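Order of writing sets the chain letters: A, B, C, D and E. Residues in each chain are counted from 1.
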């Protein structure tokens, strides 16, 4: 068994005051200066630590308040009110919700799992990943202790093609050639960003992060410059330019390369493999209704790794797009059905926003995932997409310090890793590899609704 | 509480003109309550001073600090080790605060940013009214808890002057005639008899005796 | 004591502990006020109190809001100086969450304060989660208008907890609910005692949770369920012998498959002593019982308890995995009298958000599954099923009974009665800023025992009245008739108002 | 040098007294005082000299009184507590007596904010009643405040003022009573235009028997114009000019308004003469002293009686 | 945009009640003006503090606007009225150090004004400039455009 995978975390303070859900609306005039709010009522010392951030003109009252309402309820002149914070509501969009963004910030800052008191306060269920629940083991099944336990739960996965059977020579020696496989200690690689402020600092943060975590970051061939070149061992080059310009020496510093699904990606795969046989080649495939057939075809042609990508909302292409979780199930089950699923690695990406999405997409059939926006969010991105429109970044991501950025990424991934362990532990599953495709250990909204509620109101 | 008002900027600027490193010290007690010398006012004044310097092309260093009370050594001590890094202390305390700070830092120049005005009451948000002159010989018990020393323009002890009309003072028509109030309150309380008495001249020595007044409470004093 | 002759405790007003109660509306009086006092006289809900310079709208949480304008006592209209403003309370939008929206919180506070259902326009029946209970309604026959007064008086709300037919005592509770485990350490001793005392007054039970049996509880032994959980904190044979029900906690709905976690800050010397641990160090409750890896192991556990306490009933608290039905059957055959299913949206003192949201299924799915499975197995009548994990209101309680539960177990609602505002920070620092889920001495003192007890009594009294009302409308004479009656429920996604006779409530 | 106050003798002999007011100049010329004194000398019993009236700096009242004394008049020294603490007040009382001044009128004085020295510190160590009491004690007991004995007590006829027109009305008589109790021997009132209110006040005075304890001289000020009437009505606190008077002034041609003012003053004096308990009039013709003889004559109060001491 | 205010740094504090979609609606103008314009949403204009206003000028704003709901239409009843008094106080304060009071201005939205904050900002920028570049930034290093 490999040594226990552990991600070092350390507090990486925010550069900007947090944008929180609610703010305090306090009328200064009429304040009796009785100091109840300061001295007695605020156990979080929010009022005593008051400070104004010049860049955002944001009062720390807003970002440090924990919503206990004691000041609101005890102010003798009823001068303190609370209101929802407009800036919070403006974060992200319907998919990248303010709740998701702020939880990502918390994890990136602290490296800790978000823990809170009281029961779940969110909606009963929702679209996409919110329409499924994962299983747990009770009494009748062996279980695991999760992150606090003594048993080791592995989150390692393999990227590459697997031989389905070994052939032995007359002397018992293995004669079949095993394709190259790259092991990553957590089922996550870093993808290219759909949008980002320009410059090297963000890709460098990703590469530093990948290095620290033992995983890889996908970098466009066109973005390679002398600075990025230093980090090629932790990069997966995405071939968006002339394959001919990728010379053998450069290829040899790589472990994985990604090619677009074009006219003949297999030919490209062969070309790279001929130059560097240990190279794992990933084919990047836009998720679509045709993905299952295309995947099957490519596998039959010798594809090793398929990177199935949805858009930033987890949707495939087409007019009536399916969500990544559904299409992944579809592709996975199709490949199982055709008996080829175990030969390849499927990596899903697009719309992965939370740790739970990781577990859920693996249950739906992915071996690993690629993530993008959460890494940017870990560096305080507000998913405002101003960069996409050419407007300057409100949190100055273009000149972020890559060391700080990579620390934030590491913290985030540490928290995600721990959460994956919690899920695996609760299910009594010992390794992430075993979670793949375990749809029987999940509960789906559509099934349960039909089973439970459809019969209501019927007499007799 | 003790109330104060910020001095005109021109006066503060003139006093500060020769100095570059300024420690602006607020007081979290009375002057914070009357919105003249608390943390916020310190912030505002510091900001104004910085801008003023920028306008004139000067570079100044302004540090803002607000202590709980400028008239108590224990709180002033928070400035120890900081104050001597500055050339001057601009105090937003009352007169007592300014002097107490100066006493703790004998080598430093301390200048007031406020005019200490009076002992008053918060009538309503943003309105403070004087109602005690600290005469040291409180007679409110005879005057139905309305102080004629403070609230009558002439400090009359024996009834209103001839200028009282419609319940207001001739000197300041926005102020009620203190004697009108005294008379009403005593009548309401059934003590009109107190109105007939002649009150002898006050003992002002309790207010301005020999130098500063002192109070000594032996039980409150420590041995050490 | 039989439930039929049980005397329910009286309702006493128990207003907010805080200076300003939180309500939906905010009433302000402007400077134009001449203190004529008319508003004080007009308002039948006691919104105003006379003041020196002008009246104080000190109870504006009782205000009807702008809808009051149709009444002749509408103050805003009649104020001679037009000095009264009624506006939505700006803070209200911040309160609560999807499962406990501000109105449900305020409605529950109202019940805890007054013991009656809110007179204001507050939705105190459902939350805003967009599914489950919040989309389920009762199909009530149209009111025929001749319901005789007092007809509801004889509707029974009692349930029997031992249906096994064994030789152990029958235990009847006059209301189909008991109060769930909250450990000493996760909540203050005042909170714990308030719940226990309210349970005693209501003739039902309150569970200790996993954290020992503080001696203050001993006066109430007959109304206590002592819990044996995976950490075995504070479990002693002596305490197991004291009580009438012993509960095995296998899992908790909010964090199924995960152990418990009490942060070091909350482990005061008293808490540590009770749990036989070290003060200041965090305590982990493992998962699972390391002595239970099979149904057979489980049976040994149950037998052990039955051996130690010959009279006690045994309850098994489990959460809701895919095979929850199998778990329930297993528990029955192991000899449990009660199986408590704790759904995934239940409360907790602290749990990873990922677990609260994602692991295991909501109680609305689990309970019908189990009910039907046990029916099919022919053993439904031999075991008591208690539902928990997301029961927030009398309506939730009635709905889950109609979905197959015998009764419910509650936790969060009690805390809301004690003025919990669901800020979700029970776990941090000194604990609950409102002095409920804390062991900090100063914060604990924010609440008084008598007040806490009364608030919980008031709330459940109001709940019982609502349950009786629903049963009455459905023409039932006992809550036991409601069990498993899917036909009186409608899910709004599958049945529209037009498709049913009667009204959806 | 006269042995005693002429005013006191006139009043003691049950004569209807006439006093007039004389404002000292804003300058050091004694001639102005002498001239005013000459105008008034035969027509009035005593002449009040104001003490920095309205808080404006003028030639000192004490000096002016000394000059009038030289000219053979019986001056009333007005002294306000606004400008002097108890040391200065008592010292000046002794000084006045030593100069042969025999009447003193004790006042608190107009507030300094009305004058030309608004930044001055108002002393108000004593109020007028305390001052009256102090002077009375100096004279009758020969002691100053605090009890120390004087070698020679001052000889002064002690007066105070009353304003029947200020608020609160019911308290005005109480205050008069306090002044009498403090030792006031004569009272000069604020100018009377509202005879009805004055009569009511006098009724209350009589009810308390105060008219038997103190001599009351009604104040009369001739109006020069409608403008003056309006100004006094609106701007001067404690002054009551009824609409009737203003309308009456308004009803005559501007050039005849002075004449009408005099007529009203004469009528007022007439009315006061008839009023029970009123012992005289005090004519305050502000910067218009030369009208006083005319009013006195038209009111039938001329010639003035000679007192026995003379 | 009008040339009248070209070259001036503008800080706009505004009440978010004015425009629910404020984040999107101000992008066009942000794109055009870059860091010369800064928006600061407030939950209510009454949440403005004197220090906000001063610090904005200190940081290099030439003009500071506070855009608030019409008088009488504040969600919190008196927020914009209080804001108005604070603005007047701040104007006096900066006048004391020789800055024009007009650098701080309160704008109550009127029925004629557009509904979105971006368009309101455009309208404000198209007005005649009452002031020129602030001496606070012209005589010193401006930090307004620094992050």
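Quick note on the criterion: a residue touches a chain if its C-beta (ideal position, glycine included) is under 8 Å from a C-beta of that chain, and two chains touch if they have at least 3 such contacts.
Keep in mind that what you see is a predicted model, and the values were worked out from it rather than measured.
Chemist: Counting one step per pair of touching chains, how few steps separate subunit A from subunit B?
Modeler: Tracing touching chains, the least step count from subunit A to subunit B comes to 1.
Chemist: So which chains count as neighbours of both subunit D and subunit E?
Modeler: The common neighbours are B.
Chemist: If I average the C-alpha coordinates per chain and also across every protein chain shown, which chain's average lies closest to the global one?
Modeler: Answer by centroid distance: E.
Chemist: Which chain's centre, taken as the mean of its Cα atoms, is farthest from the centre of subunit A?
Modeler: Comparing chain centres, D lies farthest from subunit A.
Chemist: Approximately how many whole Å separate the CA-defined centres of subunit C and subunit D?
Modeler: 86
Chemist: Please work out the Cα centroid separation of subunit A and subunit C, and write it as a whole number of Å.
Modeler: One centre to the other, that is 36 Å.
Chemist: How many angstrom between the C-alpha centroids of subunit C and subunit B?
Modeler: 55
Chemist: Rounded to the nearest whole Å, what is the centre-to-centre distance of subunit B and subunit D, using the mean of the C-alpha atoms as each centre?
Modeler: 41
Chemist: Can you pull out the residues of subunit A that are in contact with at least two other chains?
Modeler: 25, 28-29, 52, 81, 83-84
Chemist: I need the residues of subunit B touching at least two other chains; which ones are they?
Modeler: Touching at least two other chains: 40, 43.
Chemist: What are the residue numbers in subunit E that touch two or more other chains?
Modeler: Those would be 49, 51, 55, 76.
Chemist: Taking all chains into account, which pairs touch?
Modeler: Per the contact definition above, the touching pairs are A-B, A-C, A-E, B-D, B-E, C-E.
Chemist: What residues on subunit B touch subunit D, complex-wise?
Modeler: Within the complex, subunit B contacts subunit D at residues 153-167, 170-171, 177, 179-180, 183-184, 195-196, 198-201, 204.
Chemist: Sort out for me which residues of subunit C touch subunit E in the complex.
Modeler: Touch list, subunit C to subunit E: 28, 85, 87, 90.
Chemist: Considering only the defined contacts, which subunit A positions touch subunit E in the complex?
Modeler: It is residues 23, 25-29, 52, 54-57, 59, 81, 83-87, 90, 384, 386, 389-392, 396 of subunit A that touch subunit E.
Chemist: Given the complex with subunit C, which residues does subunit A contribute to the contact?
Modeler: Residues 21-22, 25, 43-44, 66-70, 72-76, 78, 81-84, 103, 113-126, 132-140, 142-143, 145-146, 148-149, 354-356, 359-360, 419, 422-423, 425-428, 440-443, 448-449, 451-460.
Chemist: Which residues of subunit C touch subunit A once you look at their complex with the stated criterion?
Modeler: Where subunit C meets subunit A, its residues are 16, 18-22, 26, 89-91, 93-100, 129-132, 134-136, 139, 250-251, 253-254, 256-259, 261, 284, 286-288, 292-295, 298, 318-319, 321-324, 326-327, 330-331, 344-362, 364-365, 368-369, 389-390, 412, 420-430, 432-434, 437, 443, 486-491, 493-495, 499-500.
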